[in-house]
Amino acid sequence: MRKTVIPFGPQHPVLPEPIHLKLTVEDERIIEAIPNLGYVHRGLERLADIRDFHQMIQVVERVCGICSVIHALCYCQGIEEIMGVEVPPRARYLRVMWSELHRIQSHLLWLGLFADSFGFESLFMQFWRVREKIMDISEATTGNRVIVSVNVIGGVRRNPDPEQIRWVLAQIDWVEAELQRLEDTMLEDYTVKKRTVGKGVLTRQQAYELGAVGPVLRGSGVAQDARQTGYAAYGELHFEPVVETDGDCYARNKVRFRETLASIDLIRRAIHRLPDGEVRTKIKGIKPPQGETVNRVEQPRGELLYYLKGSGQKTLDRVRIRTPTFANIPPLLVMLPGHFLSDVPVVTLSIDPCISCTER
Amino acid sequence: MTETAVLILCGLIAGPVVGGLVSGLDRILTARMQSRIGPPLLQPFFDVVKLLAKEPLVVNVWQAFCAYCYIAAASIALVLFFLQSDLLLIFFVQAVGAVFLVVGALSSTSPYSQIGAHRELLQILSYEPLLVLVVVGFYLETGSFKLTDIYAWPHPMLLKLPFLFIVLGYALTIKLRKSPFDLSTCHHAHQELVKGLLTDYSGPFLALTEIGHWFEVVLMLGVCTLFWATSWIGMAVLLAVTYFLEVLVDNVTSRMNWRWMLSYVWGVGLTLSLVNLIWLHQG
Amino acid sequence: MFRMTPNIVRNLVVRKSTRMYPVEVREPFAQVRGELFNDIERCIFCGTCEVKCPSQCIQVDKKACIWTCDPFACVFCGVCVDTCPAKSLYQKTKYRSPTGERIIISQQGQPRKKDKAKDRAGESGTPKGSGEEKADPGGDPAT
Amino acid sequence: MREEIMAVSAEALVGEVAKLKVLGYRLVTLSCTELDASNLDILYHFDKDLGLKHLRLTAPKAAAVPSISPVYFAALLVENEIQDFFGLRFEGLVVDYRGTLYLEEEALKTPYCRFSLRSADQREGPAAALDAETNHPNAEKF
Amino acid sequence: MDIRAMLTVILVMAPFGGAILCIVLGSSKAIRSAIVLATGAVLIVSALMLAPLVPFRLSAATFLGVDLHRIIQVADVALLLIILYYGFKHRQLTVIVLAALQLGLTIYLEGFLVKGPLPVERIFCDHLSLMMVLIISIVGSIICFQAIPYMENHEHHYHVMRSRQPRFFFVMLLFLGGMNGLVLFDDLVFMYFFFEMTTLCSFLLIGHDRTTIATRNALRALWMNSVGGAAFILGIIAAYHETGSLGLQKILTPWLAGSGVYLLALALLCLAAFVKAAQFPFQSWLLGAMVAPTPVSALLHSSTMVKVGVYMALRLAPGFTGTLLSQSVAVFGAFSFLAGAALAVGQSNGKKVLAYSTISNLGLIFACTGLNTAESMIAAMLLLAFHAVVKAMLFLSVGAIEQHIESRDIEDMRGLYAVMPLTALITVSGVIMMIMPPFGVLLSKWMAMEAAAQNLYVIVMVALGSALTVIYWARWAGTLMSDPFAGRFRPEHQPALTWLALGPLCIGSALLSVGAPWLYLRMIAPMMMGPYSPAYAFKAGGLENAYGTFAILPLSVVATLGLVVAAVALKRAFRAKIVSPYLSGLQTGEPSMFRGPMNQSVKAEAKNYYLDTIFGEARLTDWVNLGGGILLTLILGGAL
Amino acid sequence: MQGIKRFINQLRAKSPWLLHFDCGSCNGCDIEILACLTPVYDVERFGIIHVGNPFHADLLLTSGTVNHRNKKVLANLYSQMPSPKIVVAIGACGLSGGIFREAYNVVGGIDKVIPVDVYVPGCPPKPEAIIDGVVLGLGKLQAPQERNGERKEA
């Protein structure tokens, strides 16, 4: 047969990050996709040898710039668990707020990029326009737009005042209104549906067995979300996962869109129940972490797992990070064959690939 | 003789100037639709001059040849339009340019360029018959293929060829490389084919293809004017509305794939043109 | 097929969302972590920042009283500011400006107990004219 | 760790894993740590309805470990990753990158084996990383 | 003896003589080449000498004292017996039945039907005949020249022990004579004889290699053409029945157009033409014929033999002006044009692309014939001439390429420019001449389209077909210019005779395109009489009629200028920095290699789109045959 | 002639086409670069458009640490850009390797592989800073002859 071999990436305009897919194509139909990773591999897990466990917060935040809060949160929760540190309630609620803000910005980012992947440039622009508002909130409440560096072991670093909180509420109202205006296009437009419905189908069974996580898993009808475990303050906020059943790119799109709205709702609830008090437990004098733990949280892209092992020294023995994209790449490899070349960006982006997460 | 020379000159100048301005307006309008400010009006000219002054890098020397052939054919087509020549002939000459562009892209081994070239061929396959049928529509209405006769026709053509105008709209959208038909190459970077057809053209050669594209755009808009050739105002309004709709469509649709394009454009386009042509034939 | 149209038309009519950045500069938020400064006058050269910095971009020479920072390696996390016992480190709300050359900020201070009089805050490696990131010991911005 | 950990041997591994699959568990990931100069500790994390279960395997570096990627396709990436990081060999990988998943030839080999790399680590900082470009003599060849 | 008669005799008999010499003396390569070259030269000179003398009619009652009709009668029966023999030899029932049927009909016609004195003005040479004669003699001879080195190579490649070239050239030359006879004679029985002769020759040539597949395809060609022969003889009988004449010009009396049997006769003759021109559903013999050595393909199937079909249709056209038959022929032709183009898109075999393209172009000629207006007839004749020349050139280039890279697949020709620059360039220029203005093929296509604009069915199919045509040609041209070349090859070193064939054809077709106005004025306009009128005027260097204009000369000048500019640019581009094509930043130093997974070097390959799922042979052939069959039935039925 | 040259150089600064290559950053800088293209910052005001292809680019915006695998890609892309070309390194990682300097698979900043013209510090730099950096780069694009052209290319 007449095979075309295409090096897709590492530098490729539809891929915001470098990953290489060797695509073998027949008349634009993909018959094989072999990934090549390692373009973003830094080896930061190994930095645990030379950075102490406090400094590692800043390192793990930079595993991925889009979900830095949640990386740090997962890491801190793990350390807190080993060290037996209790986090003040206000800090737990603030952690939820910042996590959800991050989820919104990540999902908005993704919705934009996804729109771009099927060539809907103006929609991309609109989502990113809305996203800037969230970036403003981040910047105002934490001091930085992207890598907010707000989690510490034992709590959070910033304590927004009531006026700031009110401002945040007003801002997310605006975001919600803007999003509702875009909902019709993103979920109902003929061309959008034509490009996403039935593309990259992952059945419930496949998604479960291939270890898909996050919206990919929930788009296939499995109601599993690490937030259900109730870490931080989620247990008190009556969290419900968003589930769609079709398992195609459209379903994932819908899951993410609905999750964005759900996150806005969660922020509102978290803010309404925000207790007063301290935001940071002093950990001076507690022995450095000794023991091992596994901590899981829900990133925008899915479930994130940290395996931490310490032996009572300032540096940890092992920091192992299993990021959601890492888990979603095998499903991607299963999804790609059989689609057309023009669907590659759509299917690839539908797992919301975060390569810097994957390779660390 | 002088008149001919003036017309030739007009054609040669109108292409880059009008085409560039239209392209600049297009970019501003697009930006405004996306809630942005957008570039200055003269931005396309800056781009082209800059590209012309860049270091020539080539992947395959034949690309240079093809780029020149493309712009030559595109400009000849426009000049023929200004000389009020035969409409069918103009499209044939225009097709030469399109083919050379494709051949140039095929001469690179990059799969992106090659696939872009093939998609461009499929685009040609989609719009070429439609253009011929539009021309046939003019013939059936006016009894001539010559632009002199068509422009001299006393009634606005749009009233008799409304469906063919829509069909021309399809062709125009494909030619302008607008969504949903921006398959082979696209004005925006984020496309699975990188820049498709134009991936391996660079520097001055890219500038040539861009100028050639302007020639083609002006030519296509010129064909649009035929639909309301009786008054300047009608012509201007028709052009403005058409172009606005083109930009709008670009901004409210996503990019489709070529299978959809082929079936949609042929299906809808051929049906519409047949309906219109049969109407003309009977009426 | 044209569901986006209302949004597009609305965008055409209402105010554009573009910030005209170089023309109009927006006031940064109050708590933004920008450029790092060391008020060398107040620095006690304890070396806490050197230890705490996750990026390890600060070197403190306790004997010679030289505080050196590689601004290109700084990740603007603000840990050093938080932990500075003398509160000599602070971050402006303005970000650090881009440059065309590599720079190293090196500030020569005086031992805490000694004469606080005007001393040269030396900088090496910074080309002339692009020294706006210099920590000016005289003009205390005091946020 | 809060959850149940079960020790397995290399021989029993695939059987145990297959059993878990039948029980409806999904593979979360593998975590590998170096215990000492010759042994690795591999944790297999499984999940069912947000409850975790771990299998612990102590694997000597020299011997190959059977791959579970034929059972769980999802193990493909992580097993390749461990091959890269620790130089441990997995038998029967579905797609075997042979230690090139992340690392180029000039990069440090088996970078997570710190016991064998300790000497290289003495000189920290970029110098060490740059040094690694010229295949460090102490680095274990994969 | 009249010089015209002498030239006619030479044109028909010289090849026969050459052929016989070939088989008698041709075992030595030098002598054989000399004979072929001499025959070709004689043919070319005679054809050129004939040019200023047309039109003329001549009586030819006897040849060397024997009644000419009698000779043909005997020869005809002999020919049919030979076909019958081959039918028995290969146990091909269809061939046997058809040959027997033809034999019976011939005997019936000659022995029982034809009564009274036969007209003796049997030679009729107007400009159409002349055009055919020129094509056959010049292009055909050039092809024969190229065949000399080609066959040498061919036999070398196939390790043939005992050269079969004498036989090969015998048939080739015989064929040329037969073709000339066919177009120069006006008597239907004579035409039938020559028609059958070309059938037999093509059978022998297709089967020349004696491989199983060659034999099978040769037999297919034989039986299909026998269908045409049968239709031919039936047509003659019907025509004779209605008009009492065997002279073609006599038969074509428009006042008979109302008669059903008369139209049936014309329809049957058209059917014979369709079969010869391999129109759907008879295309398979032409495709099968591509197994033959390439000069055979070029000679039989591009430039000459298939043209017999369109020649006959053009001859017959005045007979059915304004009838339903004419309309149906137009639709049928347009359908062939579209279907041929669509099938060509699905092909990667270079020769098959050429074959389908031939079918497609012949379809367009038929469509023009069927449209039957002055403009369309002009278009048809111009297309006939230009297509013959350009297509012969393309066939010969593909033959040359094939012998070098040992493949005829377009994919294997990727980057051919790097290794066979001149041949590649000639092929590309051939492609350009097929699809681009101001070249002749496109000129005639333009005329055809403008002529077809009145007929909605035809114009829609022609519009679609011409877009498809662009695809397969452009794809091929681009592939040739791509680089680097990957396959096995022998460096470009062509025998002088190959250049002698390719060079003149290439330059000739370009010049012919520029000379299209004169071609029109000198060759075609004089024929526009009867129902037709010389529709186009030569104005401002172009051809213009009431509703269209094609500025050939100005365009040629401008195109030349553009070419010069582009060539200068090309020359300068050689000085520019050459970089690797875009491979997502993964290129290694080697051409088109990238660094893939597992640190392997992978070749970035891109193959052309052949759209097999849409235009594949397997998918379309049945539908196309069905369509062609239905249309043919309509033609035959509509005639009644 | 000199006038034309100056004019062209001015135009160069008016139409810088941007190629973005993420060579191992954490995404933070990448999304800020992308944010520059979107309505709120809209760098198309300066004629900047994002092209996905080195052949068309004038400006190479790179973010992230260079590692052993992507350094070849980076050098390849740089070599495919027609001159005059400007490289802008974005973010702490791109400048020096940032917080990952000591990691084993990190070579260092962008300037270890290709010559860098503008350094934009930040982790990640704000879009305003990126715009500043690009503007600084444009100055260099306007006077390409002043660049000490062929520096070390890996």
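Read from first to last, the chains carry the letters A, B, C, D, E and F; within each, the first residue is number 1.
Going forward, a residue touches a chain if its C-beta (ideal position, glycine included) is under 8 Å from a C-beta of that chain, and two chains touch if they have at least 3 such contacts.
Small disclaimer: the values here were computed from a predicted structure and weren't measured.
Asker: List every chain that touches both chain A and chain D.
Answerer: Touching chain A as well as chain D, we find E, F.
Asker: If you apply the touch rule, which chains end up adjacent to both chain E and chain F?
Answerer: A, B, D
Asker: Compared with chain F, which chain's mean CA position is the farthest off?
Answerer: E
Asker: If you average the Cα atoms per chain, which one ends up farthest from chain C?
Answerer: E
Asker: So which one's got more C-beta contacts, B-C or A-C?
Answerer: Between the chain pairs B-C and A-C, A-C carries more contacts.
Asker: If you average the CA atoms of chain D and of chain F, how many Å lie between those two points?
Answerer: 37
Asker: Measuring centre to centre with CA averages, how many angstrom lie between chain C and chain F?
Answerer: Each chain's C-alpha centroid was found; their separation is 22 Å.
Asker: How far is the middle of chain A from the middle of chain B, if each middle is the mean of its Cα atoms, in Å?
Answerer: Roughly 43 Å, centre to centre.
Asker: Enumerate the residues of chain B that touch no fewer than two other chains.
Answerer: In chain B, 33-37, 55-57, 111-112, 114-115, 188-191, 194, 199-200, 251-253 touch at least two other chains.
Asker: At least two other chains touched by the same residue of chain D: list those residues.
Answerer: Expected reply: 100, 102-104, 111, 124.
Asker: In chain C, which residues are in touch with two or more of the other chains?
Answerer: 1, 3-4, 8, 11, 16-18, 20, 54-55, 75-77
Asker: Quick one: which chain pairs are touching?
Answerer: Every pair of chains meeting the touch criterion: A-B, A-C, A-D, A-E, A-F, B-C, B-E, B-F, C-F, D-E, D-F, E-F.
Asker: Please name which positions on chain C make contact with chain A in the complex.
Answerer: Touching chain A from chain C are residues 1, 3-4, 6-8, 10-11, 17, 28-33, 52-55, 75-79, 82.
Asker: Along chain E, where are the residues that touch chain F in the complex?
Answerer: Chain E reaches chain F through residues 579-580, 582, 585-587, 595.
Asker: For the complex, which residues does chain F have touching chain E?
Answerer: My answer: residues 21, 53-55, 72-74, 76-77, 79-80.
Asker: List the residues on chain C that touch chain F in their complex, please.
Answerer: Within the complex, chain C contacts chain F at residues 16-22, 25, 54-56, 70-77, 95-102.
Asker: Residues of chain F touching chain D in their complex?
Answerer: 67-69, 97, 101-108
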